[in-house]
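The following pair of complexes shares a single chain, chain A, combined with chain B in the former and chain C in the latter.
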Partner chain A sequence: MSDALKIEDLTVAVPGRTVVDGLSLAVAPGRVVALVGPSGSGKSLTARSVLRLHDPEHRVTVTGRILIGGTDVLALGRRALREVRGRRVGYAFQDAAASLNPTVTVGRHFTETVRAHDAGDPRELGAAALQRCGLEAGQVWDARPYELSGGQAQRVALALATVLEPDLLIADEVTTALDPVTQAEVLDTVRAQAAERGRAVLLITHDLAVAGRWADEVAVLSGGRIVEQGPSAEVLAAPRAAFTRELVAAARLDTALEAPAEVPDGGPLLETRDVRRVLRGKGRVTRALDGVDFAVRPGESVAVVGRSGSGKSTLVGVLAALDRPDAGQVVAAGRDVWGLRDRERRELRRGSGLVFQDALASFDPRYTVGKVVAEALGRRASKGTDVGELLERVGLDPAMADRRPASLSGGERQRVALARALAAGPRVLIADEPTTGLDVLAQERVLALLAELRRDTGLAIVFVTHDLRVARRIADRAVVLAAGRIAEELPVTALAGARHPETRALLAATPAMATGVQ
Partner chain B sequence: MKRFLVRRAATALAVVVALSALCFALLDLAPGSPAASVLEARSGGRPPSAADVARLEREMGLDDPLPVRYGRWVADAVRGDFGVSYGSGRPVSEIIAETAPWTALLTAVAMVFSVAGAIAVGLAAALTRRAWARRAIETALFALGGMPGFVTALLLLWIFAAWLQVLPSGGLNRPGEPITAGVLIPHLILPALALSFGHHFGTYARLVQTGVGRLRGAPHVANARARGLARRTVTARHLLRPGLVPFAARLGVGVGGLIAGAYATEMIFSWPGVGRQTILAAQKEDYPVLAALVLVAGVVVVAANLLGDLAVAWLDPRVRLSGAAPGSPPGGTPGSPPGGGVPETAATPSGPVSSGKAADALH
Partner chain C sequence: MPSTDRLTTSPTTDTGAPASGDGAPGKTVAGARPGFYALRLPVRRPGVWAVAAVLALLALAALCAPLLTPYDPLATNTDATGLPPGSPGHPLGTDLLGHDLLARLLYGARTSLLVGLIAAVITVLAGVLLGGLAAAGPRWLDGLVARVADVLLSLPMLIVVTALAALLGRSLGTVVLAVAVTSWMPVALVARAELISQRERLYVRAAHALGLSRGQVLVRHLLPGALPPIASIAAFEVGHAILTESTLSFFGLGIPPNRPSWGNLLTEAQAHLLTGEWYTVAFPAACIVVTILAVNVLASAVASGEGRAW
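Right after this comes the complex of A and B.
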């Protein structure tokens, strides 16, 4: 059988740099092939080249051949290319919600796609595609993208990419931001459709464990070249290339990083007592936190785990004294946070440093790295040296102070966020999914840095994550949240044997810990 | 949407009420007796006797308590009766009826210039791949935006009326001469251009440029291209529509600036509109005319702001949800339950379109 996608000797270059260098790859109908590599390895550029989606502004030059069912995409005229886009090749993007136009309804997206290709009745085709992705059309058709949950948005995006039953689906990091349970559901759907409908799938991911669980074949990309390629089970079990071995090792790392020999005694640094928080949307009330007792002691590292919507981020807001609970107490250093005056509470907030998932969005885009950190230092910043010291402490070159966060890599941005969080000399670091968007190698470096900070300074860490592998690596203790309540609290070493159904569901959905890398 | 509408309409009404009180205060607190002015106008400038003035004041109800006089004034105003001009003795409503169409015409044409031009120029600047072209447009817009309106007007006069001599410098209002389209159109071009270029064209075009430019690399635009949509669909629906939100938010507010600009423009081009009339009334201390014209202009501005808000709500439905000022999209709700239905508030806190007035600040 001929390949649905055949890439021959692909070279992708941006001015001054060759990003993809002589890549060849084939995907047969009904097969799922994963293109795996860290950020900057050229995997997304490769994927985008298949439909020639590069922003003209970036002056990307693509040479080689990209055959879709025998047609060379790179040689097509504009009209013929449009025929291929959407009809023969579907493309699902990383950030599903952002990949939909917020000003028009979900239904409009389907309608315009079907109409652009004169393919039949939009509502009928759209409903069928949504159904295949596990959604009822009536549920989402008239909704707007921002009204969908993360999982729903990704399903809608997937249905939209496959509404015309393309021969090839390109899934570009589609589950990176999803919790493991939702990720498993979405990727199971992709796989099932590939098998049922004979659709070829090119799965772009930075997570080798994801590739191992959901792809038939893996191609490992490093520095724009494929360093290893083969059936995923073989590649993961016996990686030959040194780079693949490194990736496999990072994906496997679910053992704890070196913790301080002794956790100092003392009362809790930060504590919530029977905290309740109700969130009111239009016509909808959610018990985001429903009686949570949580404590972190000096020098301790606690992982808060749970799927999206379990209340993790609400807990972060409450712990950071940013969000006032409707009932219950938040106690910091022995004092009731909401019994204090505003001034004292502001002072207290300095005791905890905050790091967010989207580091870039947490910076003022006009600030340089140096200014971001200096602002947090406040009056204590007398000279530029303080900023330099902080940057050095998080493993960054002090010369980076003059750069803007947007020009940094994901891992570097997260380090800047960390430097800012450390500026006020906190005793607790509250990190909300800080490694979620990072590739395994960058993630590993950030985790190692956190462990080192903890060891050297006795910093306590509250680490919010939906990834049990990360929890196991960074924390002593895991608190499992479900629907606003603490489902289970246990040492991370006992995670594998957990009994609670919520913990078991998370475990089963986490690729490396379940069936993938063993 | 209904709640949003009601809230906005209520705010608008409150502003109009406050404005009417202010206008009435202007009228009421002004020095001199209206009765004396009327008598003076009737008799052709002879100072009236104190007894005549007192009698007329009683007749006009000027000795009633303040709230009664305000109530009466408002009731009359609602019916279109704004009293009598001190200067000419004619009903103010007649003066408004004479001048308002001219201002409406001038501002409407200026608005069309602005909107069509700003979208065209802004879009061109956002989409061009030639850096020099973009820079040239930006520089021109910057210069336009920085120039005071009357300087732009004088510059246009100098170029087209004095130097090239292709367009008249003003003087549309020649008594006895019928105004035909052939006379009107050449007289309209310069004032409308001056009003448009002098007051908001640069800002608008820059808003379109930044609004659209910011979205060029947005994932939803790449997705639209990846689905094989025609280029014009991608541009109109996926770039322009969400990209126009900041512009639309500014547009309603801009009508205020446009009317303010009309005052100077009408003076410079001796355009027989409300603006010129207002300034003349102010110079002559003709308070009934002044109060009425200020109130009418105020109501138009408030109505325009309301329409602008509605336009934004239509373009970016997220605004309706919050019911708050544009620029505060509904926050991401971390505790939305997994699966099951469409959670109304599960939102993307950093959607590709950040709506609203925040984008007013260009730099």
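Right after this comes the complex of A and C.
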């Protein structure tokens, strides 16, 4: 059987650097092949090369051969290339919501794609594609992308990529931003379609566990080369290349990092009492938090887990004294936060450090790393703590102070965010999915750093995540949120035996790596 | 990487960054987005430099008017009336009252450029202030600013200005006020929209989480972010103000007639339009056209360097 996609000796260079260096890969019809690697290893550049989707401004040069059903894409003219795009190869992007045009309806997207290839009745084809991806056409056809949930948007993007029944689907980190339950649903769909329709799928991911569960074959990419390739079960069970072994070892870690020997006593640092918060959007009202009692004690580490939309981020805003609850109390260091004057509340905010999922967006684009941290230091800058010291504490080179966050890697950015959060000397750190979107090695380094800070300074941590493995690694206690309420609260060691259906659903959907020794 | 070939002319907010980027492309970090500074001018476009030179020359000529001409622009000389350009001692000729046209043009530039600059500064300050109040203040204030802007945008400018001139009398101050009153609206609307969009950014939330006050967040994060599009509008406002001054003076509503300005020169020249003394119209008109063109080219350069306002 001839391969749907065959990449031979692909080299991709940007000015001054060769990112992909002699990569060869084949995907047979009906197979799901995962291209796995840490950020910066050239995964996305490889995927984009298949459709030549590079930004012309970046002056990317691509050499080698990329054969789709025997046609070399790199040798095609514009018109022929357009024939390939959409019809023979479908491409789904990581940020589905951003890859859809917010000004036109979902239906218009389908109409546009189908018309561009004169493929038939858009409504009929679109409805069928949506159906295959588990959506009712009637519900989403007239919706605009921003009205969809994250999972819905990703399904729409997948349906759009597969509306013309392409031979090859490229799924570029399609589930990175999704919670495990939604991720499992989306990837199950992708896999089922591959098997039913004989479609080849190139699954780009940084998550080995995802590759292990949903791909037939795994190709591990490091430094622009494929270091190991084979059936996913084999590669994950007995990795041969040193780099794969490192990745697999990191992904298998799910025991708690060393916790402080003794936890200081004391009343809760931060507490919410029967907090309710209602989000009023256009035409709909969501009860994001519906009577939540939550407390963090000094030196403890709590994981807040739940699916998207369960109220995790709303809880973060309330805990950080940024968002006012509609009912209930937020108590910090024994004082009711919203009964205080503005000035005192601002002072309280300095007592908790906040870290966001999207570290880059949390820095003023005009600021350098040094300025970001210095701003948080404020008056303390004169009292001896300086920017360089803080950067060193989070494991960064003080010389980085002059650089801009945009030029740093994802892991480095998150460390800068951490340095900023620690600048005011908080007693509690509130981290909102800080490792989502980082590859397993960068993630492990951030987690180790957090555990170390906790050990050395007695910092309490509230760690919001949808990844149970991460929760086990960093926290003593897990609080499971569902639909704005606390579904369950239990020690992380007891997670595996949890009874609540919400926790069970999360557990079942989380792809696990076999933990046994090979 | 677009920012390597740009010259940072005004790093208004970023004290930590290199102040001049022209000789140091290495300082621009890979992946940095363009638009960190309020104003960026494309260095490699000679046209931009040419118009900047023209403007500088005009401003210099206005400043040094007493050195460039021995004549008093208000003094009449009955021995030299209606001289054509090129007459000895009067390179641009004289008008029917014996005013030296070069002197009037130079002193007129003082008035016109000054009015343009002051009016534009006031316009932009008022626009940013009102836009800021609308963005940050209570909802009724937002509504009030928006409605007032709507009303002013829908009234013909000349009616507003005539009313103002009737109330306050003709003076330089009236012209400045008239320009400001009739042109702050676009600045305010852009400032309001920019501030609101900045306010939704994650880094603003992060700043609040650090315990900064609203004022600190406004000064450190919101305004610097909103400044580039406002700066490009501001450049257009200068040209607009000069043009408005000329228009008003031409209709006899602007600068008092005893004070030369380019608009006033045109008013006086009205009578000569059909009598063959073309130069009385041509020189002031040319000055206005050249200035407005130059300012607008410069403003477009600022705008395209930023690329968000248009």
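The rule is short, and it goes like this: the second predicted complex is superposed on the first by the 508 of 518 C-alpha atoms of A that agree within 3 Å, B and C clash if a C-alpha of one lies under 4 Å from a C-alpha of the other, contacts with A are read in each partner's own complex, and residues count from 1 in each chain.
As a convention for this text, a residue touches a chain if its C-beta (ideal position, glycine included) is under 8 Å from a C-beta of that chain, and two chains touch if they have at least 3 such contacts.
What you see is a predicted model; the values in this text were computed from it and never measured.
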* Consider chain A as the common anchor and indicate whether chain B and chain C clash or fit when overlaid. => clash
* To do: Scan A:Ala361 for contacts with chain B and chain C and give back first, second, both or neither.
  => both
* **Which superposed partner A:Arg404 touches (first chain B, second chain C, both, neither)** => second
* With the two structures laid over each other on chain A, which partner does A:Ala505 touch: chain B (first), chain C (second), both, or neither? -> neither
* After superposition on the shared chain, which partner residues are touched by A:Ala424: those of chain B (first), chain C (second), both, or neither? -> second
* To do: Determine, for the superposed model, which of the two partners chain B and chain C contacts more residues of chain A.
  => B
* Asked: Looking at the overlay, what does A:Thr314 touch: chain B (first), chain C (second), both, or neither?
  -> first
* Between chain B (first) and chain C (second), which does A:Leu322 come into contact with in this model arrangement: first, second, both, or neither? -> second
* Please work out whether A:Gln94 is in contact with chain B alone, chain C alone, both, or neither, and reply first, second, both or neither. => first
* When the two complexes are fitted on chain A, the stretch of chain B hitting chain C, from 114-122, 204-212, 222-230 or 330-338 -> 204-212
* Structure fact -> chain A residues where the chain B and chain C footprints coincide 57, 358, 361
* Enumerate the contact residues on chain A facing chain C in the complex. => 57, 320, 322, 342-343, 346-350, 352, 354, 356, 358, 361-368, 370-371, 375-376, 378, 403-404, 406-407, 420, 423-424
* Residue ranges of chain A in contact with chain B within the complex -> 48, 51, 53, 55-57, 82-87, 90-91, 93-95, 97-104, 112-113, 116-117, 139-140, 143-152, 157, 160-161, 179, 181-182, 277, 279, 281-284, 286-289, 307-314, 317, 358, 361, 483-484
* Asked: Which chain C residues qualify as touching chain A in the complex?
  -> 2, 13-14, 16-17, 29-33, 36, 201-203, 205-213, 220-221, 224-225
* Asked: Contact residues on chain B for chain A in the complex?
  -> 129, 216-220, 222-230, 233, 237-238, 241-242, 245, 315-318, 321, 329-330, 333-339, 341-348, 350-353
